[in-house]
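Please go over the structures that come below.
Presented sequentially are two complexes of subunit A, the first with subunit B as partner and the second with subunit C.
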Partner chain A sequence: MNDARILDRPAALDVAAIRAQFPILREQVRGKPLVFLDSAASAQKPRAVIEAMVHAMEHQYANIHRGLHWMSERTTEAYEAARDAAQALLGAKEREEIVFVRNTTEGINLLAHSYGRAVLKPGDAVLISAMEHHSNIVPWQMLRDSHGIELRIAPVTDAGELDMEAFATLLDDGRVKLVAITHMSNVLGTYTPVERIVALAHEAGAKVMLDGSQAVVHRKVDVQALGCDFYVFTGHKLYGPTGIGVLWGRRELLEAMPPFLGGGDMISTVSFERSEWAKVPHKFEAGTPAILEGVGLKAAIDWTVALGWDRVAAHEQALTDHALARLSEIEGVRVLGQAQDRGGVVSFTLDGVHAHDVATILDRQGIAVRAGQHCAEPLMRRFGLDSTARASFAAYTTMAEIDYLAEQLARVRAFFR
Partner chain B sequence: MTGAAAFDELRDLYQEVILDHGRHPRNHRRLADADRSAKGDNPMCGDRVEVFLRLGADGRIAEASFEGRGCAISQASASLMTELVSGRTADEAKELASALRSLARTGACPACQGAVAEAMERLAPLGGVSEYPSRVKCATLAWHALEAALAGEGKATTE
Partner chain C sequence: MCLSMTDPFVQPQEDTAASAMAALAEEFAFFDDWMDRYGMVIDWGRKLPPYPAEWQDAAHKVEGCQSQVWLASELRDGRLYLAAASDAAIVAGLVAMLLRIYSGRRPDEVLAADAARFLKELDLIGNLSANRGNGIAAMVARIRALAARAAAEAL
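Up next, the complex of A and B:
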């Protein structure tokens, strides 16, 4: 970092002001103030998102892309503004490269179904990693079983990082045509070294899809700088509504792909003999889309970007460092993964106490954490665990909440001793 | 019990009998000469249990045991189950399983007045899970596996 950048360093996030924008954070749970440490599963919604969706329903709503009337035209504009916001968020070259899907899972299924069947040939390989969410495992298994591709798994080190040596070796024979890998693990918090992954994959003749479900919340993503070919994320983890997500792909790749679902809105002409597909991205957006959710996603992206990515990243880093320090003070707590580059997701076990009991007891104190396998059963098995508890952080998370978590965890241990 | 007193509000769920059986589950072993066994699987949380039954000449359950790991609730429930079904006929064990499921779901125990009253009294602490819908399956998993074993099925799932 040069001197100018340091002088330029923005002030820290004003977390109190941020919290005031989340109505739900004033709720009490079991008689205690809500301490929401489960944002990696789904984030809470700021008033800007809530109001944008309510405003649409109260003042500006009709079906889109088809009405010739005022309401339809205005609603189309509002919905399509979400595409512009997503394009800017990801640094995509063209707005037509933004395909709206229901969530990350649907985005990956679209890719597996369409790119997987039209471009990949039986005998080609898809390379994923051992720290994938089930949503980036199962669609490729289904493709393997129906289409005869090979599925390869890049291992994870004991520290919870991608084993890059093994990763490179798996690319050696040139049969891997697609690398589908997480940008940030939902269990370990590990950021994967995307630039190296992309360089190695491209050199071996493989395209790269990144699962950005977690990363897109915490870091500025620039798909052109990253060099990847597809990027997928979901709206509800980014302070937006459920039911909408984004698949970004390079235009030439999207154009070479057949549609995923057929129906209205994805065609240019239809007769009983044949139909012609609409241009990208509409080719992939059959049926009435999640209109209100699109409006909400636009508000969520605007809200997040306005926080400032430097501040968001610094806040996340401070919270994570603090959490790791506080948890390490508690006897019997073991944190899963010690990656160099890690974000605001901390999975842990407590000796002698099952993660479900941990979660239930914390819940009684108003703390929401997730417990279980986190939709990453193979990764759990890799570390010889049945389950972990997981605390995850967002822009509205405070240091005091982490202190409270640590205090209550120490009590859990005493309770079960 | 250092920190226990400070967590009084948890006593509805984590009563002493549950903590005790959770810490020191009874009959937690594989039965080498089991006549019946079944696995129970809760895919949502990853809990797995396997129940083993040895049947006597009279057709009653002579011995029951279980293997598996899980939370305090699931271990305590399985442990209590192995103690309570020994000596019972299949029908009696099924009646108990059904009463336990209703207790775990609703917290109420109509069966506590009936033929299985004595056994249900020991299981009553498990009724605390009814306040925690996501934990009900922890209490019922071993009993699903028990019923699968009695029915001659190898596998039960709480899904």
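Up next, the complex of A and C:
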């Protein structure tokens, strides 16, 4: 194993110390040290998250919210602490505004199903953008087809940024009642100008939902400062477990929404004639939730916040700048998008070589990148591409790993020449 | 009669599917280095007969997540002949391996040969049941379905 590859250059974030907390980063794949550049798909887990979940299973576990016994009370406290952590993470006004869901996809489906059917009327429009993940396209298509709303798409410029002029025009007739848009593209790395989006949308009488799956990992998010109405993210990209995510919404909006799923834990009274819903957020949380995953999410949020957002942002900015510089040195490499404000996701093509081939060869060198359409087929078509390779970065990513990626890409280039 | 120079269907090089797999395994074992191995696989893909552009349509497309694969078939004298292409070089090579194993065989022989397991044993593909990555699993399933239909029609 080549130590030079895992030792970081001097940076504000102590990356070597961070890496020591991720057991999986010591793994070898195919006889090579793992170079994990697929964190935008799902991040690896620090020991703090792993141990919190193991500790719960070994010492403190029962079903929550109902048992009048010690174990249930302690477990309920541990689980509900995740709600407090998520409230603090997002800067939400109240803890009751945090609704636990399985992931971002479920959060958006909840919103489309509940807010979409109860508040939106047939003929109202929902505005998304051309750089959405399928999870922020398909639920709205389903709502369009079942409920008669109109689905509008704000275009993306050649630079990979939201076309704000067209965005404003699409709001002009006042029929858009909800703007559902990514905070950071999972393909281009572009951050959307949220403050302007919110200002324009609110002026036009529309609420704003942000898909924060990517952004929440890389930046301090303050929903009150951003001014949005809903924010959705998933735990597993934030160094936490799979199976838990958060839908935040303003209390008055959540209260106006009917439940999505019916069952236990979401009701106050039940008879065969009728049931009454529990208060928010519990009316949206039917059934036994992901208890252990909640415990893991709390640990993940604490761990990430302790890194310091400024240092996280600076580290990932440096990684991204370095990656863009190194990739630009390789003949035939084209990076998708040149947004001014971009985060640690770099999609690229290699002239004459399919992204699938790029990823397959890199995999043999121990490098994990994603290749394909990244669950964003319409965006791929927008740029006239079938697929790209994507390298994405996290707090544990090193400059040396990016150098290694560039070296191996140059090899791939030579190989296919 | 239709075996002209431009025939897009792959002619068998070996007598049986099993001997085709044995020959492929032997050629594969010639290299230790994975770059060399991929070089050879890619070369096999490049040597596939030209695949007609008009068959690069939805009806011939094999659904795969990351690369595009097209497959056409024809029954000649009770044997299943296959033509295929992919826009990714390594996948095209894997496709060429499948066609060397399966094309020009009787349907019962196609159904008896497990080319997917063979590619997995060479570590060229991952877990088939779960992998939607390269479309090879879907391609094998499509070829087996074609063989099953041909076998049923022959009864």
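The criterion applied here is as follows: the second predicted complex is superposed on the first by the 406 of 417 C-alpha atoms of A that agree within 3 Å, B and C clash if a C-alpha of one lies under 4 Å from a C-alpha of the other, contacts with A are read in each partner's own complex, and residues count from 1 in each chain.
Convention: a residue touches a chain if its C-beta (ideal position, glycine included) is under 8 Å from a C-beta of that chain, and two chains touch if they have at least 3 such contacts.
Owing to the predicted nature of the structure, the values given are computational and were not obtained by experimental measurement.
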Clash or fit: how do subunit B and subunit C relate after the overlay on subunit A? clash
One more residue to check, A:415. First (subunit B), second (subunit C), both or neither? both
If you stack the two complexes on chain A, which partner ends up touching A:360: first (subunit B), second (subunit C), both, or neither? both
Which superposed partner A:96 touches (first subunit B, second subunit C, both, neither): neither
Subunit B versus subunit C as contact partner of A:380, first or second or both or neither: first
In the overlay, answer first, second, both or neither for which of subunit B and subunit C A:73 touches. neither
Which residues form the common part of the subunit A surface touched by subunit B and by subunit C? 353-357, 360-361, 364, 371-373, 386-387, 411, 415-416
State the interface residues of subunit A toward subunit B in the complex, per the touch definition above. 353-357, 360-361, 363-364, 371-373, 377, 380, 386-387, 411, 413-417
The subunit C residues in contact with subunit A across the complex are 34-35, 38-39, 65-68, 87-91, 133-134
What residues on subunit B touch subunit A, complex-wise? 2-4, 6-7, 9-10, 13-14, 19, 23, 44-48, 69-73, 132, 135, 138
Per the touch rule, the subunit A residues reaching subunit C in their complex are 30, 353-357, 359-361, 364, 371-373, 386-387, 411, 415-416
